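Look for chain A in each of the two complexes below; its partner is chain B in the first and chain C in the second.
Then we have the complex of A and B:
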């Protein structure tokens, strides 16, 4: 078989093996680790693009790891959800480009190879999580990206980072155990670990109690990973105290794994005859609505720029869960598109904010007054991304939110449309406040006056992401059409 | 009542799980929280191993003449992997606790809250 046939395994193996090699290869030349990490993430991106081309030509396909056919072996499965690995690889690649000048300033030089290793292993875990068709494999890949995320948060200096990392670890480990417990329950009920197999056999299970318990444990476990209100408490600390590129990765990519876990759970349990998913979906809508408003209000009162952005992630996860909870074709495909668009926007936000904070040495919003004059490009990128995250029409944030609100109206829930609009307006309020502070207020702080524009490697990543968070809004229709077939099994229950 | 007896392994696992969860939520000492986490892990592993007992199973290599009861080897492999994951999480957590103690001067969360 040629390398192309093994693409599905390579997209997981390349980043993990590459990442594991980095500390060994670059112990003596820590700064050279960047090039190697960049090359392996570029290779991962190239493989994922070739996988998407095959997906478009042939439809969803599977790969039997080690040549063992399912249900005996571990099956990897590539569908339209798996296409998200291309976006996640792309974001990781841009984050790595950004890290080139940023990381040596915040991480001790001996630890630089470890940073790049953890980023690559995190990417490999995410890719594995997205393509695996095996429940236990899902757990293992979840732990791969979770543990690397805990360690990445701890990469920053200062007492806050260690504390934030251990809080994140404790909650994350509990959620992983809940997922493992649920996997054990499903295995005990069905005798299989293959997801498609298990979905078919759950219906025939003798007792409904363990099935319901498994559903509950999976939902709560993934809710913690996705930081859905009220289980979001770890997120602001962890995302605000991590180094900027790590915050970008965590907010853009890692929380989305929890969302995708919930989608997979709903799909697995959706054709269960006697177990109704409707109460669960109503719960998701309610929690999502509270998350939108709570996250937006909490962001309004923040004075720390990165903390504000972290609360904005809580808001956007709320939007995605409203869409999934409604479950109609319009809302669910809107939610799926918002997963991707929010990933791009949030990466742009955190990287631009990271550049502003790094170059000026200030992180309070009021101190950043007038920085737009000194760092026009980074500030412009932050402004565009802030408008996008608020969902101002032609930008990427608009597509998903509009579809979710439309879905709410179609299913007769005008109140939810109100939540969607009010949430958007609140986000716009603080977005405009930050833009106003950066561009239209005179500098207060002496460091603002002496700040210089970010170096080209940081600017390139920021501008590309900011441009995409604008342009993806124009590609809304093709994206909705692309995700629609993948989300369909979910809509049948709604 | 009958259901409770046939599923006694489920109930025991859930009970131990909840004991661990209680320790993790209530205790303020980070080390005790890690101990609670380890108790929860043990509950999950014990549950998966008991789920591996099979009725009317036939071992693939020994043939139909072998005398039962048999256990499916798959859960054992799962639990071994799970233990590896659990050990690495515990190691990372302990390293982080050492760092928190060094930088903040305490491992009690309620005292750390005052430091901030």
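Then we have the complex of A and C:
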């Protein structure tokens, strides 16, 4: 009973504490760390599901840490956006299952517990970021998942990983500073760190300049985390050079924190009487549209499979921001659903690509010719996920694109609908290219011929994710209905 | 008003073929199981589709709703007269094509993949025929592209890959354009239903209507190979013959033509289109394609290439007839779906049989082939005569009703066009027949008839061409179905004027 009441705290504490214990507990038995990490992420998932059940029964609820009521104490708040933690925990769980056979091949054995610790801490940071109702804690949790992400990128062997991690860290640190700066401004203006409270008091603030400055700093800071064009430059390197399960986590989950940060920002400032959000939303639409096309074109010219997938994330973040920028109920709820659907699809893509790369030892697309014959299931999963990421109906990728395209029409922007469709077509172009390479071309490389299908632990994760990236498309309506109340405060401004 | 009945069969027909396709993928390494599952896919569907004919003729409409996947977008199936007509054509031809393919493809590589996707194609085609709304139609239309692609590049050599690339580039761009049109329709009409005989009646903005017309007709026009969107079709010639038959006669191009007709009659509706006048331009373009395609066909020496260009020309008969917006012309459009399918598939089967038997692919090699393969070439001759418009064969019926419809629409020029096209058809089919029977080769021709598994489908199709031309009015022939489809589209009560 008491565990249920404290669920909101546990969903953050279990992964962080569990993660922190791993290096100490498993220094001598590094390979056993896997089981412990798996168990604690499964526990996190179970707690988050129980939270969603409570949400559905009671509506949004809060939890006052240590019994101090807000605005004095630290508040945790669970709403329909918070429900994303269930998806993120699920993806982390699958990434962990995938890691069992993958990680020992790319990480020195002594560092394996560290890897699992970082993955768990990353999950804890994400969960905390999503459920906190307090601005300062928002920053703290953001640092928790960011720093663990930098370290995870650096886990891979080779000089590129280190460089990529440093690039990621530098940009990430700047963005964190901006967010901290903005939080300071808001605190100075309103005297509170509670988000709901601050939102109400911002309007009464004497001067509009600091408020506008805070809005700008928050937007740019989260844009870096979300890798929205033109602040995406860190992403292709980091996501391409990290170990595959880490790429999956980063692309599927971690960039989404930036997106959710922007949504929270827009919602916080949407009540403001004199500050207009429209110009900012127009800017987001423009950047999103450029990101869609730029990411797709850049992906087209990549020869490295994982780098290509990284650019596909740039495209999809662009889609989400177009939807948020349009801000109508149709488009914004589509964007919110796309946050989840893209997470699943991208995890499927990176894990399937990871399996192909791991089993063949090759990562250039042209070298992978004919691998579909040797690894039919992994290649099939990659193919399904590629069709999904292109938004072919009725896959999961279609939901967001349809809603965003419809939103563009509803708000009188037919050209933007054109961008949405052309972007999908470009993505489909490279999707078909990869499918062709895998299934319809004779092997070029001798290692392809000797490759075997991925082990069951990898396959289980891949197939489940690939199946979900198809099936979630059929559940578009209930998902849209679910997020609609959470996205509403945003749409009021649109 | 038709009586709507909820029934499992509209979804069962595509589903059962999809399941059988799954059987091919799982057990297809064994040749025997591959054949069993492939024939099951074709045969079961054939039975299910035909079982709906009496009810539909009696005025029932079978409906099955799968569910709503996005607000306003649902997957639903609805068997009306036009849909069933198309499904009957494909389901019937599919059985024959499968038999033919089993014999023709013997010894080729990757047969599990080939027959798996082959069975999936028919599944999606019937789903297209039974789609209740534009979204369901689009969904399976795109799936058809995906499923035909592995068949087009089956040979996996450079030429096949080039053709496959071209095919995908055209059809996927077409699909994207349809998606844009669909968004526009949904935005302006709030529904995508094809069951109401026109959903755009309340849209005032002329520009929006024009944009919808251009995107939807243009998008579906890609697979219907209307010029200038036709270039993929001759390129896709490299595919194995059963696939060409599938592309040209049964599934792909017909899905495009079917889509255009659905857009004209069920998205716009006859009355709205008449007042808008867009369809006239489609008619001119189709008329141009009929002539230009024929002229291109004249210049081909490779038999399959000539057939391909002739397909481009023939498909535009359907589009031209549909765009005239008179009942008789609409009847021509619908029955030409069947007439062209049976006639053209006969020709492709023959071309494949000649290549399979003798290795000959070019027309100037065919001297005396009529004596080597008499039954095969007899079927070819029937098909050729049908395309020329010789009475008592299927092609004549189309030309007759199309001309009637053109006259009713005060477009007498199209009657002349029919005559010209008939002449051009004679100009490119007669030389082949002439070579086959009357050209001296100097060496005695040994009789070397096509194996029966190839010959039987050829014979049945050729027989059907005669049947369509002579017994069209007989009970239970699809002709009466076409008539009731026209009555529905035009809101007529009695016969077709």
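Assume the second predicted complex is superposed on the first by the 493 of 494 C-alpha atoms of A that agree within 3 Å, B and C clash if a C-alpha of one lies under 4 Å from a C-alpha of the other, contacts with A are read in each partner's own complex, and residues count from 1 in each chain.
Rule of thumb we're sticking to: a residue touches a chain if its C-beta (ideal position, glycine included) is under 8 Å from a C-beta of that chain, and two chains touch if they have at least 3 such contacts.
Keep in mind it's a predicted model, so treat the numbers as computed, not measured.
Chemist: Put the two structures on top of each other at chain A: do chain B and chain C fit, or clash?
Modeler: Overlaying the two structures gives chain B and chain C room side by side.
Chemist: Between chain B (first) and chain C (second), which, if any, makes contact with A:425: first, second, both or neither?
Modeler: second
Chemist: Is A:455 touching the first partner chain B, the second partner chain C, both, or neither of them?
Modeler: In the superposition, A:455 contacts neither chain B nor chain C.
Chemist: Which partner does A:151 reach: the first (chain B), the second (chain C), both, or neither?
Modeler: first
Chemist: May I ask for the angle at the C-alpha centre of chain A between those of chain B and chain C, rounded to a multiple of 10 degrees?
Modeler: 150
Chemist: Between chain B (first) and chain C (second), which does A:200 come into contact with in this model arrangement: first, second, both, or neither?
Modeler: neither
Chemist: Applying the touch criterion given at the start, work out whether A:476 contacts chain B, chain C, both or neither, answering first, second, both or neither.
Modeler: After superposing on A, A:476 lies in contact with chain C but is clear of chain B.
Chemist: May I ask you to decide whether A:181 touches chain B, chain C, both, or neither, giving the answer as first, second, both or neither?
Modeler: After superposition on chain A, A:181 lies in contact with chain B alone.
Chemist: For A:60, select first, second, both or neither according to whether it touches chain B, chain C, the two together, or no partner.
Modeler: Touch status of A:60: no partner.
Chemist: Report the closest approach of chain B and chain C over their C-alpha atoms in the superposed model, as a whole number of Å.
Modeler: The answer is 34 Å, the least C-alpha separation in the overlay.
Chemist: Once bound in the complex, which stretches of chain B touch chain A?
Modeler: Going through chain B, the ones touching chain A are 3, 7, 10, 13, 17, 21, 24, 30, 33, 37, 40-41, 43-44, 47-48, 51, 72, 74-75, 78, 81-82, 85, 88-89, 92-93, 96-97, 99-100, 103-104, 112, 115-116.
Chemist: Applying the document's contact rule, which stretches of chain A touch chain C when the two form their complex?
Modeler: Interface residues on chain A, with respect to chain C: 387, 392-394, 399, 402-403, 405-406, 409-410, 414, 417-418, 421-422, 424-425, 428-429, 432, 436, 439-442, 473-477, 480.
Chemist: In the complex of these two chains, what residues of chain C are touching chain A?
Modeler: Residue list for chain C touching chain A: 67-71, 73, 75, 135, 138-139, 142, 146, 150, 153, 156, 161, 164, 168, 172-173, 176, 179-180, 183-184, 186-187, 211.
Chemist: Given the complex with chain B, which residues does chain A contribute to the contact?
Modeler: Chain A reaches chain B through residues 136, 139-140, 143, 147, 150-151, 154, 158-160, 162-163, 165-166, 169-170, 173-174, 176-177, 180-181, 184, 187-188, 191, 193, 207, 209-210.
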